[in-house]
Amino acid sequence: MEKPKVGIFSMSSCEGCLVQVLNLEDKILEMMRSVELVDCRLLGVKKSYDRLDIAIVEGAVMSDEEERELREIRERSKILVALGDCACHGGRFLFKDFKFDSVPVDLPRGLKSFRADPLDKYVKVDYYVYGCPIDGDDFLRLFKELLMGKEYRPAPFNVCAECVLKDNECLLDKGIPCLGPITRGGCGAVCPTSGRRCIGCRGLAEDANVDSLIEIFTKRGIEVPEYLWELKKQVGGGRRG
Amino acid sequence: MERFVVITKEDFTVLLERLLGAYQVIAPVEREGRIFLSYVSDPAEVNMEYKGTTLLPPKRFFFPEVEVLFTYRVTGGRVELYDKLEEVRGAKRALLGVRPCDIKSLEILDKVLIGEYKDPYYAARRDGTLIVGLTCNEPDEYCFCAFTGSGPQASGGFDLLMTDLGDRYLVEIGSDKGERVVNLNLDLFKPASKDEVNEREEMLKRVEAEIRRQELPDLTKVYEAFAKNFDAELWLEYGRRCLACGKCNYVCPTCRCFDVYDEPSLDGSSGKRVRVWDSCHFLSFTRVAGGKVFRSERPSRVKQRIYHKYCYGVDEIGEIECVGCGRCIKVCPAGIDIREAAKRVVEL
Amino acid sequence: MRGNPYLPALAKIVKTRRETPDTATFRLEIEGSGGLEFTPGQFIEVSAFGYGEAPFSISSSPLERSYVEVTVRRVGNVTRALFNMGEGGVVGVRGPFGRGWPIEEMKGQNLLMIGGGIGIAPLRPLIEYVIAHRNSFGDVILLYGARTPKDIVYKEELERWREHIDVRLTVDVGDETWRGRTGVVTVLLDDVEVDPRETYSVQCGPPIMIYFVTRRLVEMGFTDDRILFSLERLMKCGMGFCGHCMIGGKYVCRDGPVFKYSEVKGLLEPALVR
Amino acid sequence: MAKEVVLEKVARIEGLLNLAVVIREGRVAEARAEALEGTRLLERILLGRDYEEVPDLASRMCGVCQAIHRVTSVQALERALGVELPEQLELLRELVAIGGHLQSHILHLYFFVLPDFMGRSSVFELLPSHEPLIRRVLRLKRIANAITEIVGGRAVHPVTPVVGGFTSLPSRLKLERALALAKAFRDLVEEPVRLILSLEAPEFERRTAYVSLRGDGEIPLLKGPVAVSGRGEFQPHEYERHIRYVTESYSMARHYTLSDGSEYMVGALARLNNNYHNLSDGAREMAASFSVKFPSYSPFDNNRAQALELVHFAERAIEILDALLESPPGRARIGFEVHEGEGVAVTEAPRGLLIHHYRLDARGRVTLANIVTPTAQNYKNLEADAREFVTVLLKQGVEDLERKTEMLIRAYDPCVSCSARFFREH
């Protein structure tokens, strides 16, 4: 059987998610045995090919050139995976309330305005691997499931669920503005486990209840950050019915 | 043999050392101000003076949050399965310092998981584990076991049950297994005096009185009130507050819902079937193939847990499945209080 | 219960039959036993190793002891894997689980069977049983509704069954070849004349069908304990442990999947899903 | 007639970079390092934010050297708030930085550089002939990550370093584990380092100014004055007087020069040129056995310097861990008061000098942020090197001009991602 052809691409990003993939270390070698990597600038792979089975795209779209490149990748690929918060949300969950389009800037290389867009603003994305950075094991699971023809689903729970299993005490109880209750899990609650609040890098959980978190912050005397009010407008109490 | 013996705290350390030689010992330990149950290798790590409950209940030592059920290998057109049950069997363990509420929770899990069908992984771990309980001298603000009929006294389900009497422990023998431990260590135990037994009774009464300072209904008898208030307004309110994080399920000593999935190797030729704790608060919990979610509304998920404790438990095993440990109250970021909910339902 | 109930028996897919574009019936031969002893309406858990496990009603005849069959729609990881494996594939089987149709209780009575879509699968073993014991039952009517003519499953069987029982079909949307009724399955109930006091109604289909059919049956005078249905839920373990299939205090996998309306009254209304 | 050779989106470097070389009448007239990565406006995003948020965002500057970005931003904020850490916490910080350096150097040397010397285009093509080596460097990378993770909580974008210290400290058990890991790293890295030192790089020299931190008996990563070879030293807070930026319409990054407009080089080569006498024993011996001498004026020697640093910093990590186990840190985080202030931290990222500069208002909100990354500082030097190197290659009439020029770029280990932050508000 012919091995599936895989391409790994970068839009604008810090490339930390690709580094996370490389951090899978010897599993990478095993992964590369089951597929044919035909395109990956970072690793110096550039073979000739027409069609891709899987395109893994990291980073946000920040220029016309990148937009064109992304559309081209989409056309060539059966499955397109958005890798990391920049690709999934344009870095929105990292930068929170920052309004990119409100900054008047002079940009070089003929760019007219600033933007940082998620891939799905321009093309259909089949699967999302969330996080800044992504979790290596999460990526490995996606990779395996795609190879087997399964559907990959991101973690169905929020960060709190993983946090309590680590025997952690709740940071909210200490008055720390942790976003764990509304943030998609799958990271192993790495930040709260290190005593650091969750900054929401994996985006909103499937059933995020922003209203309730605002109430919790208010009750505990934690200042409600501006972006939570923004999010409240968008999702409020989360899914209903 | 008397039902009650005593052991000094000094001798208890000796007993611990001997137990460590014969068993894998699980006991409360304190690290960075947190009390949790853990495997220990040194008597010095054990903390028997803690207040209230451990953050996570003992269920994870019988029903771990991640468990491989079996592994498989696919070669050509053949499949071979390798049962993981054998690895669970035979471990000799001692679980020390668990509270009466948690002992009760194990009895409840026994009824659920060892019935018409038997969960063999759970059963094997239960078989191999000696239970040494520890009554509370000081409940914490979340405890309400007196209202759920599961404390502060334990009516059974333990091999040994200790009560802290200051410089010594009064030990109640609850089973043949417990008696054997005492017999093997007769040099450390001496029979308890009547005064010592009374002292324990006084202590437990005092603890009970303290817990009963809260005004709660008898929670073993709220079935009817719950049944007729399924559509009450208060569930919508709880639903609005609930974050669907599932912490309450994870810390509940009787919650045991799980998910099962296959984890294949990279080349697909082998893999394992894994079960992990699941939560009825997750939107995905009732999602069937094709995408339909049966309990998509958050109030219906809040109700699922609380009703399971006070109503469905009675349908299922003939008694409520809440042991009044208060953990779910302690961990809920939104401050949802199952005591308060029950009280409100009864007063509707 | 012997052995480890989580450990499936291995079975080979010996035959597949395409029913509709996205549905097929898989015939499984279990290592050692071939088939299973079961009550119509019970289900098995089928494993595709690496993909997981999913519950399926047994759709073959209970009289057949050399194999079991399941009829499967391609909607999830496990079912897709079964389709890809095809004949010769090795799968795992656990079960049978749950409570099937109360056949002894239904004997001597008329049967009004209602199936919607692939929901007819758990009725097939019952129909085969009834036909094999035709004299033990009164009038038997099968009402079957599918989305389009292409979505009708068991086309061969339906023809064969007509010789023994009253089979009536409808489709939601017809096509140029369709000469029969159109409309949802409840339209067929309008023409049914049975004595509700001597009839058991049994149904299986999507939740919304069960809801409307049940309402209609109550109007027709069926008492709550003569309205039976097989319910669909996520069933992971089959033994009442994992909790996914709970409806109120009942486990669909252990206490069902077949229920009498009297047992789960108030639990089915869409607004009150438990 | 002018000819323009453009090396497009150079492979095996972090981020997107074109190198355009304009050749007129057989001579190189111009070389442009064009950073293509979308500019990330980080300094602008930081404005108005609470100082607590800054390290989380600053570490997202770069996926490869995030550890040092985090530590540097924390240090700059500490300067602004007048926080001084006890020595043990400083050592832990250094350990986080070292973990980052080790993994970054491994990635660069063996995944990006080595294939060039083996005539291959990617590390995967090396697999058939060099599987044991690849497995070994993967293991080394894993060990380096594990060290960062033990102290930093996570390998990529570590989470524990915060203003005032750490959110949590590694237990003794974990420090012991880290020590074992550092020792294992030191042993395992020997052979791969020898391999790098034995490679024959293209011959090319060009003197420039080498800028790095300078230490007394050590190769400092987090403190010390900044040395400009041949021109003395300056203190971190004086950086704006000594380096300045130029904007080039072709590049998404700022490009830097010294105050007199001349180019300079930062990175491992600059560090060793300025601190050679402070190399650890093991690293010094190894340099001697391969006759590697510093100062060196060949940019290709940056790779050798990195290889020697692998040994040096592994030995330094062992030293630090020994010290920490001897006298463990007490508190994880020391108290401080939030007030108005301004702070600059200058550190050594794997690729060279890194500057974070913040001003905070009375509530601890950022009113000014400036970040100077090593790669941005190197662009001008890279352009100057490229001009001369291509001229030499043209003279020699080599066939693989493009490949050799790419090797030059790679020798710099550029990280375009974190350099591309150009913006100028209207």
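Odds and ends about this structure:
Going by the order they are written in, the chains are A, B, C and D; count residues from 1 in each one.
Assume a contact is a pair of C-beta atoms (placed from the backbone, for glycine too) under 8 Å apart; a residue touches a chain by one contact, two chains touch by 3 or more.
Only a predicted model underlies this, so the values are computations on that prediction, with no experimental measurement involved.
A comparison of C-alpha centroids places A closest to the centre of the full protein.
Here the CA centre of chain B is 51 Å from the CA centre of chain D. Each chain gets a centre from the mean of its Cα atoms; for chain B and chain C, those two points are 38 Å apart. Note on chain placement: the centre of chain C and the centre of chain D lie 65 Å apart, centres being C-alpha means. If you average the Cα atoms of chain A and of chain B, the two centres end up 36 Å apart. In chain B, the residues that reach two or more other chains under the touch definition are 264, 268, 297.
Shown for chain A are the residues that touch two or more other chains, namely 148. Shown for chain C are the residues in touch with two or more other chains, namely 50-51, 76. Chains that are in contact with each other form these pairs: A-B, A-C, A-D, B-C. Those residues of chain A whose C-beta lies close enough to touch chain B in the complex are 27, 30-31, 33-34, 140-141, 143-144, 147-148, 153, 156-158, 160-161, 163-165, 167, 169-170, 172, 180-182, 205-207, 209, 211-213, 215-216, 219, 237-241. Touching chain A in their complex are the following residues of chain D: 9, 11-16, 34, 36-41, 44-45, 53, 56-57, 60-64, 66, 107, 111-112, 115, 121-124, 127, 134-135, 138-139, 141-142, 145, 153-157, 159-160, 162, 167-168, 247-252, 332, 417-418, 420, 422-426. Chain A contributes residues 10-20, 22-23, 25-26, 28-29, 32, 37, 40-46, 60, 62-63, 65-66, 94-95, 98, 100, 103-109, 114, 116, 132-133, 190-191, 193-196, 199 to its touches with chain D in the complex. Across the complex, chain C is touched by residues 148-151 of chain A. Looking at the complex, you find that chain C touches chain A at residues 50-51, 76-77, 80-81, 84.
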